[in-house]
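Report on the following structure.
Labels for the chains are A, B, C, D and E, by order of writing; each one numbers its residues from 1.
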Amino acid sequence: MAKITITIDGKPIQTEEGQTILEVCRKNNIYIPTLCYHPVLEPYGACRLCTVEVTRHGWPSLHTACTHPAWDGLVVRTNTAEVRAVRKTLMELFLSRTPNVPLIQEMAAEYGVTEPSYPVEDPNEKCILCGLCVRVCNDMVKAHVLNFSSRGVDRKVGPPFMEKTRECIGCGACTIVCPTGAIEIVLQKNAIYAAKPLGPTAAIYVPSLQAVPRVPVIDTDSCIRFRQRDRSNGEIEDACGACQMLCEANAIDFTQQDEILELNVGAIVVATGFQMWDSTKLSQYSYGKSPNIITALEFERLSNAAGPTGGQILTADGVKPERVAIIHCVGSRDKNPNAHEYCSRICCMYSLKQAHLVRDKTHAEVYEFYMDMRAFGKGYEEFYERVQEEGVVMVRGRGAEVQVLPSGKLRVTGEDANLGKLVAVDVDMVVLSSAIEPPADAQKIAQLFGLSRTPDGWFAEAHPKLKPVETNTDGVFLAGAAQGPKDVPDTVAHAGAAASMAVALLNRGEVTISPQVAVVDEKFCSACKTCLNICPYAAISFIVEDNVARVNEALCKGCGTCVATCPAGAITGKHFTDDQIMAQIEGLFRVPELVEA
Amino acid sequence: MADLHRADVLVSCRHGRTPELVTALRDEIERRGLAEEIRVVETGCSGFCSVGPVITVRPEGHFYASVQPADVPELVEETLVKGRFVQRLAYKEAAGRKAITRYEDLPFYAKQMRIVLRNCGMIDPRSIDEYIAVGGYEALGKVLTSMTPDEVIAEIKKSGLRGRGGAGFHAGRKWEATRRAKGDIKYVIANGDEGDPGAFMDRALMEGDPHAIIEGMIIASYAVGSHQGYIYVRDEYPLAVENLTLAIQAAREYGLLGEDILGSGHSFDIRIVRGAGAFVCGESSALMQSLEGKVGEPRAKHVHATDRGLFDRPSCLNNVETLANVPQIILNGADWFASIGTERSKGTKAFCLVGKVRNPGLIEVPMGMTLKQIVNDIGGGPPKFRKVKAVQTGGPSGGCIPASMLDIPVDYESLTEAGSMMGSGGMIVLDDRTCMVDISRYFLEFLKEESCGKCAPCREGIKRMLEILVAMTNGTAKAGDLERLETLAKTVQTASLCGLGKSAPNPVLSTIRYFREEYEQHIKDGYCASGACRELTAYVIVDEKCKGCGLCIKVCPQEGISGEQKQPHYIDQAVCIKCGACYDVCRLDAIKIVPKAAVSLGGNGGNGHGTPAATPAKDKPGAAKGKA
Amino acid sequence: MPKLKSLDELRELRSRLKHEIKARTETATTITVGMGTCGIAAGAREVMQAFLDELSARQIDAHVVTTGCIGMCSKEPLVDIQQGNEPRITYGNVSPAMVPRIIEEHLIGGKVVQEWAVGRLVKEA
Amino acid sequence: MPGNGKLKLGLYWAASCGGCEIAVVELREKLLIVDQVADIVFWPCATDFKYKDVEAYPDGYMDVCLFNGAIRTSENEHLAHLLRKKSKVLVAFGSCAYEGCIPGLANLFDRESIFRRVYLESESADNPNKVVPQTAYHMPEGEIEIPKFYNTVKTLGQVTDVDYFLPGCPPQDPQIWAVIEAIVSGNLPPKGSVVGANEKTVCDECKHVREEKKIKKFYRYHEIIADSTRCLFDQGIICAGPATRGGCGALCTKVDIPCRGCYGPPPNVVDQGASLLAAVASVVDADTEEEARRIVSEIPDPIGTFYRFSLPASLLHRARR
Amino acid sequence: MSNNGKFEPRIVAFLCNWCTYTAADTAGVSRMKQPPNVDIIRVMCTGRIDPVFVLKAFAEGADGVIISGCHPPGDCHYTNGNYKTFRRMPLVEMLLQQYGIEPGRFHWGWISGAEAPKWAELTREFTEQVRKLGPLNWKKQFASKED
């Protein structure tokens, strides 16, 4: 690209050819007001706000920066009196058209225009006909739903004949680009945001600040390119692509596919973690009946600085709660078949933390319903003391019920063991410290790695005390909450152990295999091949030259199934031989008669 | 036509009754058995609108005006049979009362120089033979056989031909740019949109001499290297479309269009595309959008159409009148063309001289002629008792030139300097009965409808300017409105994207520039001197002057005037609809236009003592009582 | 109408076509036939027709114009011939038979047929 | 007659079909050689020796005694003991003596139900007085005694100790000849072992090609036309070959008939029926218990199928009484 | 083998080392109430249990036999050892029935390492069941010389 020099506001700027004046200004953060410009959309030149004075060969004239190319030798002045006068009048026109749009009021104020200077036809008109929505819908999303209709002053934006159309895929792109908020998305079933209220706000997002690697991912369910490709079964191939356009490192590749990697590994660390128990399973907490009854995980998302509310703790209607109740052991330490009998171990401490957060961020009254405060870790008890001093009301009794009152308030009733009587409090928000349980697909994982599970559903460690990270299958280790509820310090320790065990296994060089392996007595094997597909580890293979079957000792795990199967009795195990077992049976019945009582 | 006709009767006017007249003539000739000798030819419009339908008999040259079907028997008998001139149907010069019998002597045409309109009214536009007979396609033949494209371009550049659409861009330079632009597919486009209200010269040209445009386009296509041409005709011109279509078919049959024209190896074809009634599509980039089937919205200006125009390919767009000049330039040479007109505006320009002028019509005058000459010598000056107040040129994008400046020559530079512009050629003569504020309101009303609505200054700005002007015309304007109007107009002019927006304020700005006091009068005094703004106006009778002749009673549509013979009459304000008929007819200057506020309802409004500001005296040559 | 292949074919066509609209084009010679009622009665129409046929046969461009009665009823039908700014010669008692000779000698030859000429009108300067 | 240096050979026919006697005759001209090397000193079926002759012989008189047939009655048992005493080498000749063979299938029933079926319920029985055989009966002429009909058929090995077992129903003549040669030459394998048969199973000699055994459905022999190139077991026909000692030259599978297991279990197998059952069941292609149960339930008469020749020698010897 | 007159059945149980043997171990460690009638023989996998062991057990004098291992379809430490079991045992059931041994004397099933109580329950239940059936005493049939 050829280099050009263009002087803007007296400053000569070296840049590549092929850009517009506005692009050059934006790159060198020279402020030019715009309304109908968006970096990913074709410049349209409708609002004329970006008018600047352009001098070429000595002839100054006004042009719109968004459309006018930056040619070599141009002299541009972005803030002359004439330019300001034009913008002032334009803002008067816009303000008279859309008097109550905050953005327009703000921009108008910049030029000293505070009141509409012409008679206002429709005070709540919001659309300034900038055409951003039309262009994003047609050029980017390629849904071709929105366009201009009628001409001149009757010009308006809308779907064909201003009627609902099924073509609209509810992607919300128009609501995002609309500068004045004239388009709202009415949440219907096909609107992607209906499904994920607390979900990511855009189709491409960084999963979390701690994600490894910390790079954005594309949610193909809500990304327009994939939705359009599927919806039109391939006809519309390259809709949108805005992210690709703006990525300077052009690191975005839409052709990447999910790959199934098949790895031959020496050791496996199962760290499949936990999932939240479904709080709707105990109806008395009426989870799901009010947006203000949330689980602790949802509270964590709420108080997360990168979360939808930027870390502010707000009720569903966006105000700070005055009273918050936190209920411990929801679904834990409960014999109800829908709940778990075990203690989820980590809830007490995070509940205290959340109580502290509520107090700290909203100064609301906090009522914590608990049975026992299990502050077992280092510094935990001291934290518990501090939280109490901060004025969190501790009600020693499990929260029995949460009712949603007609007013929207939530009434939490429970028994206060210290006072010995029932208590109830009306709060604005209830946080349920719900139980944690093995993930839904735990059974599939167990089968995959030959893991067995303890009665409470967590994966069974080889030995609760002596081998907490190993499993019955050599080379498969357990790390973290997959083996049982753990908080962060315990998990880190447990995972460290698992990792070191795995590495140790890998570095051992040779591995001692178990002595219990089967062996074929080739004198008796008559190649009947009955045993061939019996072995789960395909340790027996047929040697064509010798016309006999042979066991590969490295693969054989010594289960003995082939020994029982061989009709000729040609396969014997080195242990648990037939003779040994026959002898045991005979031995059982050789015991002399029990001595008469 | 095997046999030879002795005489041709040219009916050269698109008047409503023309078809009826033509059939009557043909029947009569048939009946008189003269069909072999006499031929009736329907030609294009010859431009003399005020006395239409007109008939010229060739070779004698007899010129008859306002011929009605009923006159046909007498005409055939006297002229066609006996060869005598029918005095009754002669054109009478208003002033001199002397009948002018021969076409050549008509003053209307005397001062004109008809190059583009040369054939209009002379040949049958539907017959390619007649066009060829009068020298048609000779220029094309000369170009294809003896000139290289560059020579053609050089000739056009030397001729100084500039765009007749209004902007006046040098045609030669545009052809050269298109020729040099990269791309093997190029287009030649003829702009026949002519959206200006009051402009019809392109229509007359397309209806009257379609082949001239076609020949011009073929020459242009040879020059720029294009094989495909479009004529964009305004939807409201069905006859133009019809004649152009017939002309194109005939040209194709004669091998003058299509493959290997005249064996020269150059091929070019033309398609006609009808507009959809949008004035904005007269602007080149919006026109190309419309040609591409899209909504007529102008595109960014810095992209030159000669590089990336129609379908993003080099396109050379010229007004139909510009193209019609090309054959003549080629035939008569660039020097001949350059000798006509002024130092920087060469050749002639067709104008639609309309409004308050005796002989409105379609004229073609050399550049440089003064407005006064056009209005008085050709137009016959303002009607009786009227005085020219201003001349509006360029239609809605043009401006008004006050009577005091009528001596300026008509060319691109001087008109633009005067705050107006050449425009497509509309020339509206305004008299003292026209209110400048109302004229601006009229044009802005039109532009508000015609704005494509894409860019804010034009869409919103024009609407707001109109609101202010309407307020002025109905007396609700406030102080400072004029200044607000000016700043608003300035912004619309500078910030708008296309020609429509940029030129929309011209009518307002030029009227303010020359008639500021009229605006102030409207705002401060709520008084419209010309009486056009009805909400501000009241008509009262000046008792002393009124002789009670009763003329005004006869003309008043509302019967709102009463009074005895010879006694001062009286206007009932409640009933008066302010039409001004009485004012126009009163010889004695006894009726005065006064601000409505000054007249209390009921009563004669204090016998007409209006507020100051002398009512415009009518230009009356004495009080001689003329017979009706 | 077959396609025109070259400029010459166009020019050839033009010359043919020019003839057909000759009424509207300038020509030097004008033949005026007196068509008053008496003229018509005396056979002026046939004479004019003869003139028209003769002119088209010989491809001569000349205007044939009718006029009212000039007054010399005895000499009807009267035919005036005006060539350029030559004096206007009037022939009397013209009959269709005489037409070829008049055209031959007067129009083409440029010599007035004295025996039939009845008047000469010199145009004032 | 003894003392001419020739071997003294005795044959006895206990509870069997007599096929083994004929098998000896199958030696054809080789009988002459036998005659040269040995003298028949006891062969009730072919010669007229009487019990009292044998009782008269001194103990160990006979060099070899080929005892075929299972122990069904007290007489059989008596002879078994007698011949044991009288012969140096007692050979359980043929499947009946070695493992009970077809007569052994009677162990599914006991004496009482057998007599009832044979003498009373049998369709052709005409026994109005419901007379069943009695071991003793008074006749005017005196006391008649017939041998006692045991409830359970025993193998020879189960009543006395047997020196060698020669399996087969009947043993094939080359195998018989091989034994006789061995006896003549004296190099006999250690006492108690099985002679005249291979160490490997029938599959070793069978020509059918064996691939992968994955059986979706069991077929009885007559239900499908087996592919004569592929192993019958692979095609779902139960063949006892893999669990039966080879040596017969896979006579049956040569003509596409599945092996019935007459040569008895291979050396390492204690209970031939159980071993065959284990193999057959293990290769059933079923991933759920229901599917497995559905497939195996198509096998009628498990004991008849798996213990056709070896019920008395099986661990449980007989069905429960 | 009867003490104080009541018939005490002798039951042999073949247990897979990973699941039911662990359950039995846990039951023991947890001091769960179990009858002494069941003698356990440990094998690495139920796939190792050859039908001949069942016959051997009965032949030697067992009144009842139990076989128990990991739950199919996926608990088996060796992936599908238990598959072979549920293929063989239906056939063994048919065989035992033909031998005249009541089905009540032979139980095969699945008990995972986590189901110690279930094992204890099985031993109590099965012992009573076999007690009701009375002694099998297979060898008795061959005791008398005569028959």
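By our rule, a contact is a pair of C-beta atoms (placed from the backbone, for glycine too) under 8 Å apart; a residue touches a chain by one contact, two chains touch by 3 or more.
All values derive from a computational prediction rather than experimental measurement.
Hopping across touching chains, the smallest step count from subunit C to subunit D is 3. Closest chain to the protein centre (all Cα atoms averaged), using per-chain Cα means: A. Distance from the subunit C centre to the subunit E centre is 143 Å, each centre being the mean of its Cα atoms.
Rounded to whole angstrom, the centroid-to-centroid distance between subunit B and subunit C, based on C-alpha atoms, equals 42 Å. Averaged Cα coordinates give subunit B a centre that lies 116 Å from the centre of subunit E.
Computed from the mean C-alpha positions, the centre of subunit A lies at a distance of 51 Å from the centre of subunit E.
Touching of two or more other chains is recorded for residues 50-52, 56, 73, 84, 88 of subunit E. Multi-chain contact residues of subunit D (touching two or more other chains) are listed as 270, 275, 278, 282. Inter-chain contacts occur between A-B, A-D, A-E, B-C, D-E.
Listed in rising order, the residues of subunit D touching subunit A in the complex are 199-204, 210-214, 231, 233, 241-243, 246, 266-270, 275-276, 278-279, 282-283. The part of subunit C that touches subunit B in the complex is made up of residues 1, 3-7, 10-11, 13-14, 17-25, 27, 30, 32, 35-37, 48, 52, 55-56, 63-68. Taken together, the subunit A residues at the contact with subunit E in this complex read 443, 446-447, 450, 452-455, 460, 472-473, 516, 534, 536-537, 557-561, 563-565, 573, 575-576, 578, 581-582, 584-586, 588-589, 593-594, 596-597.
Partner subunit D is touched in their complex by these residues of subunit A: 521, 523-530, 532-534, 561, 564-570, 572, 578, 582.
Considering their complex, residues 50-52, 55-56, 58-59, 72-73, 83-84, 86-88, 90-92, 94-95, 98-101, 138, 141-142, 146-147 of subunit E touch subunit D.
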